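Read the structure below first, then the notes.
Letters A, B, C and D mark the chains in the order given here, with residues in each chain numbered from 1 onward.
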């Protein structure tokens, strides 16, 4: 119920080394990264010899609800994870960090991203006698690490990750080390912060702000970072390939106050709005946003177009897990329960509605009707990203291709479906013009179908062979 | 943890007559009124002869979490309540609606407001042999009703309410009737809506929008409404006195999409911002809001002043009930856990921060520091209401007078305390110019100390004699 | 699920004065009295000026599950209650102790028993302007106390209790006193213990054993005890009428290790078995008991008859609140889930099965079949009480008269229904010969229909007028 | 809190093939086997192609508390497990059945017993690249199975189990088969039942009685059973070695109504009492039992000695998970909270107290004092098993050798410690004379130190290397 018709978020990872309250700071870091995943979370800490684990399903503030948990999570190193299920369904055992004991001792891993050759690898491993207790990429990775004959963890990780294709921003903990690694394409963000002598690794920089830590730099694509008693050491285990940062992080996922891929999200998102105003102007009285994710783009649209920005939709933030409907459902209930139109703003106005993206379009259709019924004279939808036509295999949770409205309908057909006066999407070029140039490249496969890393066939067909026939109850006490 | 340094909200009431899913619609109504109280909620329904009750502590979506509850809440009449504790602490037994059996049979009551002569009345009743099981105004009221010798409920209510001083917007249910009544001053909002043959009474009109019902009119001050099989009948039981609507409903409490006291909240709130811009201009680059409650006023300030509106603060909506701090607390933790500054927006800018009200000032001081640390060149606080100098006895939950920063410090002293470059409050006149004129009057006692209804002495001294020495555990299963 | 086809138990009361951990000792007392009621429990304590409350539904060990609760329950006086619903259904608000504020300040009450003229009294009170929030006898009593014009609590209680007919063993707490009172018939047990300077009042003496306290004496029928800083004072407020102790306390309710009505339960229960053996001998190989309540009587039967005592039935003590059945229910599931026959004991034997009482007979029929199927050659049921033909209005929870098997069937017809080889009940005379003689009398209304205190008509017809139409949800958070 | 000073119980396994409500019958089976483990339980079912899992911590009736769970647990095959932690601490991930996906597809396993060469095997596997997510024997076993190159499951299991030393009664589920296997020594019981066309495997036969199934025979030591669409096939994968059934199953673990190792427990337990009476007579007035586990032996002692059997101790069955003590603990609280002496029985009597075993002796010391204080003239402890001097490595949870009172004290010293008039243990010979002769042998290592299967050194030193440094929180949501 939390997000209506948006791509599923894609997990957060966090790690800290060198703080006597490492687990509490990890908890705060996870809390500030909650927008990236709300299904489950966990923290693993180490005091240099013993490893401590607590994880569960639900929000950070629910899973870590008592001070006693932090007395258990001893030590000066910790990693954490917020989960949004991408592969592997909503199972308790899939909540990360994933913890095992292997040749190198205890090992915990937090992963953001998605591997794209998992079935091939899983089948290979199973054939060689591995057993799988979950359907997560993390378990797969650990199996490969555990089998490596290389002499140290850096070499092992290099050997293993060479076998893996796809997107990953990973944070790992062994007894006395914090390790971070990012795939050579750099799909998912990952950055390094510092607070006095203490190192922090985080998906987004907003976690650093909460902790009063300084942003240092991004973990580089293909780079492996080891932090231990000797400080931070960097290993460029892969030469960065053609960089393909996930452009959707700028469009929707990341918090506007975060700096990712070297740039403030807020700044880029405002540019999306401005370029949208240039590309797809509208003859209207006011600009409104679909709160909260489209606020910044709407403001950019307003500033560039000169059309006044107004707060035309109120969002109810008290939504719970489930919601009980009347037997005779109220019209547009799913949208109304989340949004209401402000009559005094909307009435008799020609309105530009800025939305960051359209996935299925069903929610936006209801929202347009809500605005219409509040008295809008004209509705002009402006979308601060191009039409989404292709699924993502690198960590975003999209519906299947058939369900993506833009994969089968033209823009004009979508306009008719939404029943609005006009509809304009930002072009791919306009999108690319909005994001930072430096030497970064971006993945825009969901718009263009141009996948920078090839996907194994089974994944394309949405088939998982291993752990496909085991159905865990979701009511575990 | 939910609201930082704001007056406590003041409860919501809701009632519906003539719908076969009366309790489910009440649940939705309460959900849309959740902002008025988050401590507890309840619904009482009637099928004309039997009365059904469910209530509990927590949010609407938590207390009403299973469909089975609605199978219990049978009938075509229902009333509901969202509680924020004003008088009576956070006790399970204080959750409303309050239900009793008396001479007239089952009787349930939902109350928004605060009586100001309760101790006098309670002592009188106790002397006559009444027993009190809670510290709520509702129990007091029911005791008085039960003792009335008048022949029908309208006359009884008239007799009883004549004894009561203070603020009340009340919804009552007896077996076959829905009753609503508003005090002669009209302190708290209460309006009537209609959905086909079904009548709805609600604190704010936003509940009508969610239900697809039409706003009809406000319940008039001093008016008692009875809805039963003969339809709606109106009884002006008291001549409206000098009307003194709570002006804080416009400043902060009500949702911007609601219409109260005959006007859209959003429209008034924007005017507050405009008048603030006229009265207290600022030489600045951008206007930002303390989200979400000050958004509309900030927008008004921006439009009138011509200074660009920006989103400079991000608010985290995932806050839970409790929050565990590190032992060495992070500086400004309480604010940081809720807000973060957007670096790209704030940096090197002269900033107007619009806030709707200042109570203790401690949070705003931290927020100003947060903005400063994000690189702001200058900070100019503008408050869309006058300095709060006096407590409220009509249903708002303010700290004691000593804790109200403006009761002891001048504006310049507050500015120094906040450590900002300038501070400007809206004047009382500017406030009154912003609210609708018609023939309404407003209570501004919290700013002026001019209390329209006299307060009994014990209440002034914050003494409750009855039920003052009984301490219920808050961990009841 | 807890008790199969037995009369409902009838609540426990407990009070303590003069111990710095009064609430913890009350908790232990309630725990040892758990057999008298498992639906809910509560404790109210006082430190002499403030009163503290914690109560909830469930077992003592569940409701009082965290040490924090006892930090809340401060003070040197405390009372407690274990609830089994007699009148008033299973509602959270009916969990005792019942706490109110009235003219005399805070007042808490724990009640065991049942009033038999409640409707008359409730209607009278409601007519005079009282309101009822529960359907308990305790609320009724407090209303009457609160209205008394007498000058002190002893006189008030005397005045009030004079109006009340029925069974009551009551423990009350006011700020600085512990009060105990027992009806003039002495239906329910209540005794006084002492542990150094600390006084204890308890339904059964087994609580004293756990606490290491000394049994002093019973509270006398018609006696009111006040314990305060001046020690214990006794007030014989009513001349004891014809004493009618509940004989079922000896047959089934009380724990065998308790001393009630001046005699060990175990001793009386063994006599029941002996007299049963004399009255209803059997030609059999072994005697077995329906565990655990019939163990002692079975042993008595064995000793007197010379037939060997064996453990032929095993009882499973892990039964939870609910139990999920297969769709095609297993034959005799309800009994099998609780009992199993020991094949090696039963096989080819002629068996005397001693049971303490038969209510509906349905369970015993299944049990007999279970024993038969385990290979018993003959089954001879012997019941250590007479046929139950009449309902109890003094605090036992029996089914209605229609459901009592012995109210419509003869002993021979019951034998046929049970499908056993012989059936023998103890005679009323045999019963009376088994209980202590001293100067006590016993109520045997459930066997004889001879009610020592007349029952008001409405109660006979099972009609409750007040609070009969209000249905509280049982899922309160 | 559940068992005072007894060896920890040792898990129950259950499996069923060929019933359309397989999971519900498994639930009932586990319920009847609850006495063998109360920490956690689980069920895995299969419909022939899909596998369904539900498990959790707590009692069967708590973990399986809603009918929805059984709608999830589809299929006609199911296995279940009740856990008492032997190796591997009380972790949610250690709750069985253990489920993985491996080369053979989904595989679930329930295990009763203990392997004695696990560290050797775990280290070997880890060296070869295996990862461990738990500290259970089951995970170890599955790793070995997964690595086997044998062509079918029977051959694989034979190959794997050949590497394993120790005690095991295992039930396994693969998609279309139910498998059961018992170690060649036959340490733990395991039997086969039938209900029409449906096969059942269970630790004890009492589960068959509840389900209305017929006992067929025991699974033979060294036998592997496969049940699938072709019916039951038996594979004697190991020649039974010297049989060493766990004699403690007769003394204490199993339910008296169960048939294990070909004999009713009840019958053997009565013989223990009889032989004890012959070996260690006492000059006393009555025989009492420490309920409930010693009841049958006490009865045997009474019958053989001619001393009257009485119920001298009452056991409280309402004990919850935790129990809160007063700050100044009551003397002998731990025993009193569970037992009370029946004054009328004990007073002025010379008493034989029959107890099935003594581990640390601390509880029995308190119990003896309790009996003394109730007025016993003499106390004669008689123990229906020999002194326990050595730890068990085959699945019983004993304290370490140092804590076993009989490992360092002589019988006379123990008597002094207990402060009783006499103390008599059954001799090892008397024990062996009591158990069935057929061709069975029994393990009596805990009495004699004669371990039939050698224990690896690390285990003797109580060192676990793998998963020894990972500490999971026990508060997982």
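Heads up, the rule we're going with is that a contact is a pair of C-beta atoms (placed from the backbone, for glycine too) under 8 Å apart; a residue touches a chain by one contact, two chains touch by 3 or more.
Keep in mind it's a predicted model, so treat the numbers as computed, not measured.
Common neighbours of chain A and chain B: there are none. The pair from A-D, B-C or C-D that reproduces the interface of A-B, where over half of the contact pairs by residue number are the same, turns out to be C-D.
Taking each chain's centre as the average of its CA atoms, chain B and chain C sit 48 Å apart.
Averaged Cα coordinates give chain C a centre that lies 37 Å from the centre of chain D. Each chain gets one centre point, the mean of its Cα atoms, and the points for chain B and chain D are 60 Å apart. Residue positions 62 of chain A each touch two or more of the other chains. The touching residues of chain C, when paired with chain B in their complex, are 49-58, 62-63, 66, 68-69, 72-73, 92-93, 99-103, 105-107, 126-127, 129-133, 142-143, 146-148, 175, 466-467, 469-473, 475-477. Within the complex formed with chain C, the chain D residues making contact are 21, 24-25, 27-28, 31-32, 34-35, 38, 59-62, 64-65, 67, 70, 206, 209-212, 255-257, 259, 264, 266-267, 295-296, 299, 303, 308-311, 314, 316-328, 330-331, 336-337, 340-345.
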